[in-house]
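I've put the structures underneath this note.
Next come two complexes, and both contain chain A; in the first it sits with chain B, in the second with chain C.
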Partner chain A sequence: MDTCINKIRELSLKLLEENEVKKVIGFAEGTIPMATSPVTITRKQDVEKLVFNSTCGLNLANYIRNQKDKIAVIAKGCDTRNIVTHIVENQVQREKLYIIGVPCNGMIDKSKIESLFEDEIIEFSEDGGKLNVKSSLKEEKLNKSDYLRKNCRLCMHKNPVIYDVLAGDLVEEQNFDNPYPDVDEIEAMNSETKWQHFEDLTKNCIRCYACRNACPICYCPTCFVDESGPQWVGKGQDKTDVNTFHFLRAFHCAGRCTDCGACVEACPMDINVRDFTRKLNKDSFEMFGWEAGLDIARRPPLDVYSPNDPDDFIK
Partner chain B sequence: MGNLLEHMGIEKDRVHFSWISSAEATKFVDVVKEISKKVRALGPNKKLVKDYN
Partner chain C sequence: MKFITIDKKDWARGIEKSRETYKLFGPVKDKSGFLIKSLENDTLPDMEYHDTIMSAKSVLFPQTEKILETTLDESKEDHHIMKRADTDYSPRAVVGIRPYDAKAIELVKLNFDTDDYRDPYFCDAYEATTFVGLAVNKPGPFDFSTSAGSGPFCEDGLDILLADLDDKFLAKVLTGKGDAYISACGFETSADEKESLALFDILKKEAQNNIVSHIDTDKLKEKTILELHEAPFWEDVAFSCINCGTCTYVCPTCWCFDIQDETKRKSSTRIRNWDTCMSPLFTRHATGHNPRAAKTQRVRQRFMHKLKYFYDKYDQGIMCVGCGRCVKNCPVNIDIREVCNILNSYEKQE
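The block that comes next holds the complex of A and B.
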C-alpha cells in the first residue's frame, strides 16, 4: 500500500492533464498525525498533496454525489462497494466516474494506538506492516496487524469490486467460517443484558451526527432526526432519543451497509455504532444471501419482492 | 426490524407483525388475544420509553 501512492499521483496527474476528469477525490495529510482527510484536487500542481496510507479510514464514496463533471475517485475495497450502492440507487452514473481502485490491507484503529500513549502523538509513519508512532515521551514500533480496525479484521472484500484502473497489486482475500462473531456474542445474551449493552454503548453519544455525516449511504436531503414536522425523534440527550436515533439510522442502512467503518472512524466518543448495523448485515446475509455493493446489476433485498422472501415473522 | 429490536434487547414477544384483511374479523380477534396474552406476561415496557418525571 505504501508504494501505491506514486501510482495514484501518476494516474491522477495524467487524468487531470488530459482533461479526462475535472477533479480527483482522494486523501491528503491532515493537520495532526494519523488524521488524513478527504481532499478534492483540481489543479495538477496539487497532485503531490495526495496521500494514501493506513489512516485513510473514511469512505470517499461519500463525496461523489451531485457532481456536474466527470470525476476520479480513489477507492479501497469498501469504498468501491459503496460506489456500486450509489450506482444502484441512482446517485451517480458509472460513466461520470473514473475509479482508481486500491487493494487494501486494512486501516488502523487510531484510538487503540492513542491509548498506548499518555501524551499527544507527534509523528506517525509506516513501512510495510510496521508502524512507527512517536510522542514527546516515547516511541513505539508496532505491527500493523495488531492494530487493525475491527471491521478491517473481518473484511472479506479488500480488493476493489469495480474500477477503471488499479493502483496496486490485488491482495489475498480473507475467508471466515463465521464472518459475524461479534454479532453472535450479543445474540447469545438475554434481553436485559442486550439492553444494558446498548445503553452502555450509546451512553456517551453527544448526538453530533458525525457517524451519519461520514456514512456514504446516509444521503437523505433531510435526515429523519432533522425533520421538524413531524418531529420523529427528540433532539436532546434523553437516552430514549439517543437510542432511537441509532436504531433507526441503522435500520435505514439495512441491506446497504458495507461495514466500511466510516461511522466509527468519525465518532469522537469512540462508540462502536457498528454493533447496530452489523446485526442487519448478518440478517441480510442469512435471509437473502446478500452482501451490499457487490453487483451493479442486482437490486438490494429490501428493494425487491420475491415470493421466496422469508416471512415467518408474520402471523 | 423485529430482529434488530430483539437484538437491542426488546423482548421478542413485545413486538408482533401480522397481516389481516378487513374481512378477517375472527383472525383479528385471535391475533389480538394472543398478543395481549404474551405482552401481559412480559409486564409493562420500560425500554425506549421516556421518563418525564
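The block that comes next holds the complex of A and C.
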C-alpha cells in the first residue's frame, strides 16, 4: 500500500495535465504524527503533496458531493462503497467522477497506539507491515496487523468495488464465518447490562457531531438535531438527548453504513460509535443479504419493497 | 512571596482535609483519556497526567448550565416568572489545572466580566473558585503556550502554582485565595523564599527550553481586518473542515453559548449550552437567512475571532493559549499554528 503513492501521484498528474479532471481529492501529510488531512489538488506542481498510508482513516466520499466539474478521488475499499452509495442515492453522478482505487491493507488504530505511550508521540513511520513509533520516552516497533482499527480487522471489502484505475495490485480479501462477533457479544447481554453498555458508551459524548460530519452518508441538508423550527431534540447534555442523537443517527444509517470507521476515527472522546451502526449492518445482512455500497444497480433494502422481505414480525 | 513544601506522602491527607471547605475538581483518568471532573468521594486529582482532553473551563462554564427556572402552574402566584436557578457557589478548587488553562479562564473572563455587563453565572463561579495550578515540567510536542501569551510556569489566573519535585510539591502561594486553600489543606511547611524562587526560575527556564512548537503573532496587529478577511487562502484552509464542533469544545478560550428553554410538565428551565461557530445554526436568522452559510465563512470566523478581532478589541494578545488541544483533536488536522503563521505573514498582492 505504501508503494502505491507514486502511482497515485503519476495518475493524478496525468489527469490534471490532460484536463480530464479539474481537481484531485486525496490526502496530504498532516502537521502532527499519525495525521493526514483531506486535500484538493488543482495544480500540477502540487501533486507531490499527495500521500497515502495507514493513517488515511477518513472517508473521502465525504468530499465529492456538490461538484460542478469532473473530479478525481483517491478511494480505498470503503470509500468506493460510499461512492456507490452516493451514486445510488443520487448524490453524485458516475460520469463526473474519476476513481483512483487503492487496494487497502487497513488503517491503524491511533488510540490503541497512543495508549502504549505515557507521553505524546513525536514520530511515526511505516514500512510495509511494520510501524515505527517514537515518543520522547521510548520507541516501539510494532506489527501493523496488531494495531489495525476494529472495522479494518473485520473488513471484507479491502479492494475498491468501483474504479477507473487501480493504484496498486489487488489484495487478498478476508472471509469470516461470523463477520459480526462484536454485535453477538452485545446481543448476548441481558437488558440491564446492554442498557449500561450504551449508557457508558455515550457518557463522555460532547455533541461535537464529529462522528456525523465525518460520515459520508450523513449528508442531510439539515440534520434532525439541527432542526430549529420546531426543534426536535434538546440541545443540552441531558443524556436522553445525547442518546437520542446517537440512536436516531444510527437508524438513519441502517442499510447504508459501510462500516468505514470514519465516525470512530473522528471522535475526540474515543467513543466506539460503531456499536450502534454495526447491529443494523448485521440485521441488513441477515434479513436482506445486504451489504451497503456493492452494486450501483441495486436499491438499498429499506428503499424498496420486495415480496420476499422478511415478515416474521407480523404475528 | 510564600512558599510551602508538600511531601507527597502528606498530599492525599491534605487534599482530603480541604474537602471540609471546598468542593474539588481535578484531572482523572477515564476510558477516553484524562478529563477535568468533579472529584467525588475519595477520588484524588491524578497529578501524573500530561494533558486533559477537555479544558477546565467547564468548572466555571459548564457545557449545559441551568441558569433560570420557573413554574408553569398558573395556580401559583409567580408562575412564568423566571428566577435564578439554585446553583451551589460554595468554595470550590480546581486542583492540578495547567497554567495555560488558568490563563484561558482569564481570557474568557474578559468577555463575561466587563464594565457594561457582568455575567452572574460565570462571575459567581469564578469568585467561588480557587485555582491550584500544576506547572508543566515536560511540555509536549504540541504545546506552543510560550508564544501564545502563556507558558509552562505562567502564573496568570492562578492562586497557587505547584512544581512537581518527584517526592514533593513546592507550592508558590500567589493570592489570598491560595493562602486560604493551603491552610484548609493543613500544609504548613514553609520553604525558603530565596531558594524557592531560584528553583522555580531554573525549572521554568528548563521547561520553556523544552517547548519545540511556536507561532508568530508579531504582525497580526498591523494587518487590517479586511485584508485578512478577503485574503485568498481561506478556501484552502477550510477545504478539509467537516464543521464539527471539536475545536471549539476542546478549546479553553471558546466562550460562545446558546440559550434554550426546556419544559417538563409544570416546570420550565432556561439552560445555557456551549455553542460552536462551526455549526450553520450558529448564525441562522429566524428568517432563514444565514450570513455564514458556507463552511469557509465559518472557518474564517473562528480563526479571525481568535487571531484578529479579539486581539484588536482587548489588546491582550490572541484568544489562544497554545494548549494544542485543537491541533491534536481536529479530525482533519486543521492546525491553528499553521493558520496563525499564514495570517501573520500574509502580504496582500497589489
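Here is the rule we go by: the second predicted complex is superposed on the first by the 313 of 315 C-alpha atoms of A that agree within 3 Å, B and C clash if a C-alpha of one lies under 4 Å from a C-alpha of the other, contacts with A are read in each partner's own complex, and residues count from 1 in each chain.
Here is the rule we use: contacts are C-beta pairs under 8 Å (C-beta built on N, C-alpha and C of every residue); 3 or more make two chains touch, one makes a residue touch a chain.
Computed from a prediction, not measured in an experiment: that's the story for all the values here.
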First, second, both or neither for A:251, with chain B first and chain C second: first
Which of chain B and chain C A:192 touches, first, second, both or neither: first
First, second, both or neither for A:283, with chain B first and chain C second: first
Touching partner for A:238 - first (chain B), second (chain C), both, neither: both
Chain B versus chain C as contact partner of A:40, first or second or both or neither: second
Touched partner set for A:139, first chain B, second chain C, both or neither: neither
Comparing the two partners chain B and chain C, which touches a greater set of residues in chain A: C
Chain B versus chain C as contact partner of A:184, first or second or both or neither: neither
Doubly contacted residues of chain A, that is, touched by chain B and again by chain C: 234, 238
Footprint of chain A on chain B - complex, ascending: 1-12, 16-19, 31, 34, 47-50
Chain C to chain A touching residues, read off their complex: 30-33, 35, 50, 53-54, 62-64, 138, 140-142, 239-240, 242-246, 249-250, 258, 260, 262, 271, 273, 276, 279-281, 284, 327-329, 331-335, 337-338
Complex interface listing, chain A residues touching chain B: 183, 186-187, 189, 191-198, 234, 238, 240-241, 243-244, 247, 250-251, 254, 276, 279-280, 283, 313-315
Contacting residues of chain A [partner chain C, same complex]: 30-32, 35-40, 58, 62-63, 118-120, 122, 136, 200, 204, 206-210, 212-214, 226, 228, 234-238, 265-266, 268-271
